[in-house]
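Here come two complexes built around chain A, the first alongside chain B, the second alongside chain C.
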Partner chain A sequence: MKTFAWFCLALGIEGSVQAVDFETEIMPVLTKAGCNSGACHGAAAGRGGFHLSLLGSNPAADYDAIVHELEGRRTNQAHPEKSLILAKPTGYLDHGGDVVLDEAGPGAKRLVDWIRSGVSRGTAKQLTTLRVEPSRFVAAAFPTTVSLKAMAIFDHGVPTDVSDLTLFSSADPAAVEIEEFEGNMVARIKRPGQHVVLARFLNRVVPIQLNVPLSDKAIDLSSQPRGNWIDEEILQLLSELRIPVSPPSSSNEWLRRVTLDLTGRLPEPSKVEEFVSQDSLDVRSGYVDALLASEAFSDYWTLKFSKLLRFHSLPNEKEGLQAYSDWLRGEIHNGTGLDRIAHQLLTATGDSHFVGPANFGRMVSDARDQAELVGQFFMGTKLGCANCHNHPLDKWTQDDYHGLAAVFSKLERGREVRLTSRGAVTNLRTSEPAVPRIPGFQDLDGPGDHRVAFADWLLSKDNRYFARATVNRLWQAMLGRGLVEPTDDLRDTNPPTHPELLHKLAENFVQSDYNIRHTLKNLAMSHTYARSGTILPGNASDDRFYSHAYGRELHSEVLLDAIADVTGVPSTFKGHVFGVRAVTILDPLEPVTALDILGRCTKAKGCDDNGVANGGLPAKLHLLNGDLLNRKLIDSDGRLNKLLEAGQSDETIVREFYIRAIGRNPTESESTHWCQQIMESDEKKRRDKMEDFVWSLLNSRTFLENH
Partner chain B sequence: MTKVFAAFLFTALLTTQCWLAASPIASSPITAMVFSPNGDEVLLGSQNGLELRTWPGMLMVGTIESELTQVHDLKFSPDGRTLLAAGGAPAEEGVVEVIEWVNKKRVRRIVMHEDIVYRVAWSPDGRRWVTAAGDGMGSVVDAASGETIARYEGHSRALLDIAFFEDNNTVASVGVDQTVQLWNSSDGTHIRTLDNHVGTVNAIAISPTKPTTDADGPVTVATISEDRTVRLWQPKIGRLMRFSKLPSVPRSLTWSNAGDRLYVGCNDGRVRTVDSSTMEVIDTFDANVGRIHELAMDFEKGLILVAGEQGFYTHGFLRKQ
Partner chain C sequence: MNRPHRGCGSLSRRDMLRMGSLAPLGLGLTDLFRLQAASPKAVKAKAKSCILIWLDGGPSHLETFDLKPEAPAEVRGPFQAISSNVDGIRICELLANTAKICDKLAILRAMTSPLGEHGLANHYLMTGYKPSPVVQYPQYGSVVTHLRGANSVLPPFIAIPENRSSSAGFLGDTYEPFATRGDPSKPDFRVRDLDFFPGIDESRILRRRTYLAEFDRVQANIETRDLQSDSAFEKAYRLVTSENAKRAFDLAEEPTEVRARYGPRMLGQSCLLARRLIERGVPFVSVMNTGWDTHENLALQLRDGYSGAKVGVGLIPTFDQAFSALITDLSERNLLDDTLVIVMGEFGRTPKLNTRGGRDHWPRVFSTVLAGGGVAGGQVIGSSDRVGESPQDNPITPNDLACTIYTLLGIDPDLELHTPDGRPIRVNQGGKLIREIVRS
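== the complex of A and B ==
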């Protein structure tokens, strides 16, 4: 009996060391201390001969590095407190990363306990949910503080407070500081506005939105008109942030804006007069419907999607691009749901000179490129980082990247696009052939066309990757800024400004059978879209909450067409019939000097950002001094020459160009001003001054922007 | 029934697995191991120190005093009188303790590196020994005086193993920088670098078969790496002879007496026998000790002793070496 008692006592002493699970209790300590960050041992090549996976994305490899590597030098099981894994971060030994772990703190204790208990890997619990409190916070004033908590729910079901193991990081430390106060994690907000704190625990990242009013004075937006649920969402956030909204735009402004956004064209002068005289919600609705049904809409949105899909011609082979262009335009014109278009793009095979979507896989050089294009276009995400290492800011692993590439590895990309039994992609992590995989979801075992499995998953009932990416791009096209920017970088660590709105837009888009016209009309008919660009004292700094309209430079093709329309001198493009519009030229490799100067998308990267491919300073200088404008101004068949030859008055000519270029009549003072400037008895001098007037108008921001 | 029982006894005699439950070094991986010069005992090293056991019974005899925080190598001098115990404290010091075996007393404790000494190797004549250390240095020590007579700084990362050639002068070292480097132990000058490995080189072993044609003829050397390959070299002429890729990362390595076999301990706890003429794996057995850090061959008794993260394992091989 005595022996048994001693045995129990011994067990009790040993039992004071709690069993510690490596993955769920040790890894977070390292992540929180910054050990596995990109600047430290999480760098691609590690640091100081010690490599950890970036932000703990590969627990097995990290366990190996800590426990096994170099004959276990980093953990001392005989004397746990002497372990290198403790001695370095606590500052006992010289450490390039300075002291990052309090030797008396809970993290260090947990490490000692783990080593003392035998450095076991533990029974990995699966994290099912990470909840943070608050997930959203609206402050009444600033500076202010918010307590942050994180609760993990593992597969065993018992919620566990993991606040002390969660890395809370501020996206803008100058605005929000994270600090520990009396054992709790606290966010100290130092600036007004919308801020984001990211809570990272294991492989989960949850954004916490902190909204602090920009003004001391409450504002009442309850009387603001609401066209649909989009306005509700926008006004709610503006109200929380106490940002006043600008007045609605004029009928002329709205007309020019919506015509440019939906068709890439300026409104016809006859339409302007008619619309302005009858403007109402019904008239607007009818006008939007007409635009959405127009050929111009199909041309313009074919161009937009062609850029995202990296359209370009192949050497000595124009037929493929022609078939691809014809197919895409046809699908858009016929109103085919984007889900069906997507499925065809992902799975098509056949003669690419006749089967348009079969060209999708020919726009890239290999399976890895295709995986990146698929990630970018269909999922709104940049997978490229995961080629060489797990994505530093997202959940994508190397297995995801190479697995998705493997989905397309058996595709033969000649004129005849077909699946073969050959072809593999090497997973750079394992140096073995990659297993086809739906990223972040599951491996695709067995034979068959894995592209179909991927497409089915992407477009399945509960999958919102494609819908979210698409509606965000549509929003950006109409409102000037995506709810997530950049639009091809949707991830947990880059949250939307309006999460609920993005969610609703995506749901609505799916319910409409992926109908882009449906979503575009919703956006066009909202009061948010109709807001003017007038700046008020309280909303001047707003560049993302849509309190006023944001001016956007016209895309190069649209600008070139607009100049042609205003001057009445069509641009000529080699190899195309006279009068063809720039928006119908989908091949970025086609030599078009004017577009090269104004800026084009490259075939390699496409254009998936708000900056499009504007040509910057050279484009501006060319507009000011180059041939592009000047030649059209003096063209004998041009509008100006015809008006002058027809003996039109200065006032009429000024009015004509105003309404064509900026969609409205000149104000009285503008008309007077220009007429005074132009007034000249000498015909030659009058012509020169008229040219200067049109030149001035076409170089003005009012013309060069959609506002 | 009798036959079955006899077979069981035979197996039990040849194959013994010990979990070291009662051992002082039970809680740490065994990272160093060597048979005593007379072959009756085996010495084990870990983070808990040095422990002497009978061989092949593996019964506990006692411990040997050591101040090494971590023990990574044990090597007897060619005359069997002196034992080197190598190790130290990671990122602090690399230490070699010189122990007089007859009375098991430490006669010297030499702190010679700024990081752990992972391996030591005696020159065949027993006059020198060299170190491979985590600070990226190799040192040559005069065995009589304990003085460092040369240092080699050619590696860019930690050295993990080292070997002395029969000429008592040339040394080959391997390490984390993925290279095999030959250098002169008299002055530490570089001779040649072999860089075909694409991962950390974990160990090196010189073939026991001496060249027959010329005293300076091509000696064969085997290396193993994190790239999962076993490679055979004639390093003095810079030739990679052949290699094979294993299913698991090889961690420890030893030659058969005749030089026709390589025994490779791997991360998956298995020992693989590789035919050195074809580089084919001709036999595999599971040692059940986790990662294998040490292999020791007793050719007389036909036994192989395997040590690793979870203890040790004795295995009989049927082929007389």
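== the complex of A and C ==
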């Protein structure tokens, strides 16, 4: 073999005897040089009259563009080096994209060989696996470098080292730079923390996680308490990254946190003292069970899911949304598995004024819109890009997108939701009616309700799309950040911070029959969840490894209810009975001035982010000068007025508001401080100061956030 | 994978070739330099602030800035063209005041777009990007605020009275405009929640701030964090306690004759308010004027305002008074050079009057007007054909207009913004700078 190589070199034919394959050997060169990226020839309209499929998603079209278009001027077999495909990127001819290919490098050489040998298309090989080495890396020291290797395994043939044809790209070039060093691909890590390098070869993308300690001193977390496997996973990464762990939060803080997270309410003052005096794991477990079984839990989680499902009323048809809301709340309250709920959503038909889940398809305008909602809610993925071009960052193709839309194209979305025999969507790639398709999996030929086939596939034994998307959202709701952010953008190119943890959470969720209460309890009982927000030297900058708790702003509905509860003055909402809670208003189109000013999720925006629709300056101005809070403070039936009329002392009043608003008693020094501030003989002035005290308490970060 | 590539308006190889071939015709190096000077990067921006007057619904180009007196009656419409203070520029007779300031205006008569539906067209004109199902592009004011930040107590982007059809898009809620709401021409005009709640005076606001600071100090202590120095509350506090800032919204401070000059109606007083705001350092103010979707009885809506009106108080006379007063006032206060004023709507109107005496949506050609902020006035750029149906020469897309507006505002159109999921998006993608408009 060696002798043969030497023989070739001696003859100066440099391996040209070996036919070069277009798809597996030439296209990667173009991808690696960036030719087919969205900013260059991969743009929908191409660039400079030359169009390539985005990141090489359509080899046949690319071959045609390179070999046949422009009267074949892009390749020149007589003088390969004069081919436009070479002369432009190497800078011999003026190139709008500058010099992107080293004329002496292996890529250029391969192009020359391929052109010289007759621009063959080659025989298509199927890539079965792309393996990267390392797939995960924990640095011992810093700064450091790692060499990166990629092996391709095709359906026939031995594994091939494709490192030089693989595009390694750093998500954050300020932290990690990819360099070529003595023929090897090397990641140079310039900043501590967790980084991701993506390896792209043909249609595969594999993430490589690089973990670099934030400190040069090892830390020992072995004595940290571990309640369950969640803590194991979290502590392992923290210890690799050498991030110190904050102490647990107080009983009061934990109680307020878990009550807000599970029910969207503040803890009852009567519960606070009882809980704090008896706090133990058993008591916590019992308390969480009680929360999970409460009506408040059902109200709050119905609201959360209603936002994800884009609930809104239709013109002159309140009945549909009412039926939908009643059904969803009923299923959540009864503890129906989320898989069963999903199946109903995907397949329901009937009179939408009576069949709740039949409204699912009425919250969107058409089949494409429904495909996007299905992708977002059930798969945690944004299919939208694939409407006009294959998804640049994910595996979704236009066929997937329009195929999924075709699954829903025969649905009639009137009051009576039914399947018809008509209705199709056009695949923008082919301009033909799209073939119904399970994205990334298979076409659905033949008759029948394709929605059922899709639902069966989605909820089949080994399918984890829905489970992963759901547990990630539950994690975000409890911990303040998703293991993948944004939570509707799960894809290979956007890997989780804790891949193994996400995997285990999803498996565990499926084993529990898609029981959200089961997963929420696991999260609530972990020590990770119980950590305080107190920061230590060395963990201040951590915003994704859970070394300390992250403060989260209350959602507008929860805030509105909390203000009503603390002040003792229920809000009034037009068209609702007195005392109704804001979290039960599921229609974002219903005019509620306070919610509009504080900021709420609207249908157009969708709210699969951290959920806080920040009202910004108008919200602050309203709390400062508006009637939402001010009127409740002076209400004669309000808590403050009643306490004052009952002749309560400053100390009692201060304590009462502390415990209601922030779930704890004031410390002695706080109590003294406020009593001194408020002390006033004049009745009117005392009342003013009290109002200002309560106002400030309800505008403090301590109150406005869940810590 | 950010490959450098040619940005909007810079010289391409073809441009150079074309210039090379023009050399024998006497286009020398000076011209080349002038062309280069007109690339966005070389333009020295003069505008520090911007007032965008949005004529919502799509104003008829044939009744405002692009009349066709020679065309058949069904095209010509009811109004005559009059001459202006610039030779050769003729505009509608209902724009008599505007005709006296045409030396300060650049009138773009060959705007063209394929989008004839309000929502889509709004988005295109307000962002320079055609709507996409995936990316919500940000409007001008949001981009400016995002890149410039706030430099006064007043919010950096204010919408009078609000901004209905466009948004901050992927830049997020932080860059949405602050909406004044209400009608500035009404004596009881107040911006919501700017005035103290009854019974709360400044001393109590101050006390609340002190108490609040104490709570936040304790929380920061618990978390062993630094106190946030400029919280959202502080911004709100500074605004409500700054008499000077609040006075910006108080039109009663203006002398009666100034208020009268802008006209008694909402648009006029909104323009006056806009001037007061930019005077106090607000970088971007949008003024919305509704009602331009004149599908029927156009003479009534555009000229009269109500049937039997002796003096027209319709959309055009109201606009004429407000706009001319704004430009004159800015000019007299030496603010015009620093302030880019944009007048536009989402599209024009059909060349032929319909059977109801109105005109329908027509995006294929329409007019916009720019003034101040480094704009070379006294010119018409581009033209429509004989009947105002299609561009005749120098067509300009909303994308080109966006490239030009950002350039005039000193924002590099090639600058990359990022969506929350990291997708890079240029301030402007591929628009051409309208070279003639930039004053050298």
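One rule holds in what follows: the second predicted complex is superposed on the first by the 687 of 707 C-alpha atoms of A that agree within 3 Å, B and C clash if a C-alpha of one lies under 4 Å from a C-alpha of the other, contacts with A are read in each partner's own complex, and residues count from 1 in each chain.
As a working rule, a residue touches a chain if its C-beta (ideal position, glycine included) is under 8 Å from a C-beta of that chain, and two chains touch if they have at least 3 such contacts.
Values in this document were obtained by computation on a predicted structure and should not be read as measured data.
Participant: Sticking to the clash and touch definitions up top, decide whether chain B and chain C on chain A clash or fit.
Facilitator: Chain B and chain C fit side by side in the superposed model.
Participant: Touching A:Ala293 in the superposition: chain B (first), chain C (second), both, neither?
Facilitator: After superposition on chain A, A:Ala293 lies in contact with neither partner.
Participant: Please indicate which partner A:Ala60 is in contact with in the superposed arrangement: first for chain B, second for chain C, both, or neither.
Facilitator: Once the two structures are laid over each other on A, A:Ala60 reaches no partner at all.
Participant: Once chain A of both complexes is superposed, is A:Cys40 in touch with chain B (first), chain C (second), both, or neither?
Facilitator: In the superposition, A:Cys40 touches chain C alone.
Participant: Which partner chains sit in contact with A:Val99 here, chain B, chain C, both or neither? Use first/second/both/neither.
Facilitator: Once the two structures are laid over each other on A, A:Val99 reaches no partner at all.
Participant: Spot which of chain B and chain C makes contact with more residues of chain A, would you?
Facilitator: Counting contacted residues of chain A, the larger count belongs to C.
Participant: First (chain B), second (chain C), both or neither: which does A:Asn387 touch?
Facilitator: second
Participant: Classify the contacts of A:Met679 with the two partner chains as first (chain B alone), second (chain C alone), both, or neither.
Facilitator: Touch partners of A:Met679: none, neither chain B nor chain C.
Participant: For the combined overlay, can you note the least CA distance between chain B and chain C, rounded to whole Å?
Facilitator: 9
Participant: What is the shared patch of chain A, the residues that chain B and chain C both contact?
Facilitator: 94
Participant: Please output the residues of chain B touching chain A within their complex, sorted ascending.
Facilitator: For chain B paired with chain A, touching residues are 27-29, 31, 46-49, 69-70, 72, 89-92, 116, 118, 134, 157-158, 160, 176, 267, 291, 293, 309.
Participant: Inside the complex, what are the residues of chain A that reach chain C?
Facilitator: Its residues touching chain C are 34, 37-40, 47, 94, 96-98, 100, 169, 171, 368, 372, 382, 384-385, 387-388, 486, 489, 494, 533-536, 540, 551, 597, 599, 609, 613-622, 624-627, 630, 634, 670, 673, 677, 688-689, 692-693, 695-697, 699-703, 707.
Participant: In the complex of these two chains, what residues of chain A are touching chain B?
Facilitator: 49, 68, 70-74, 76-79, 82, 84, 87-88, 93-94, 118
Participant: Please output the residues of chain C touching chain A within their complex, sorted ascending.
Facilitator: Per the stated touch rule, the residues are 1-6, 12-13, 132-134, 155, 173-174, 176, 178-179, 192-197, 199-200, 204-205, 207-208, 211-212, 214-216, 218-219, 222-225, 232-233, 235-237, 239-240, 420-422, 424.
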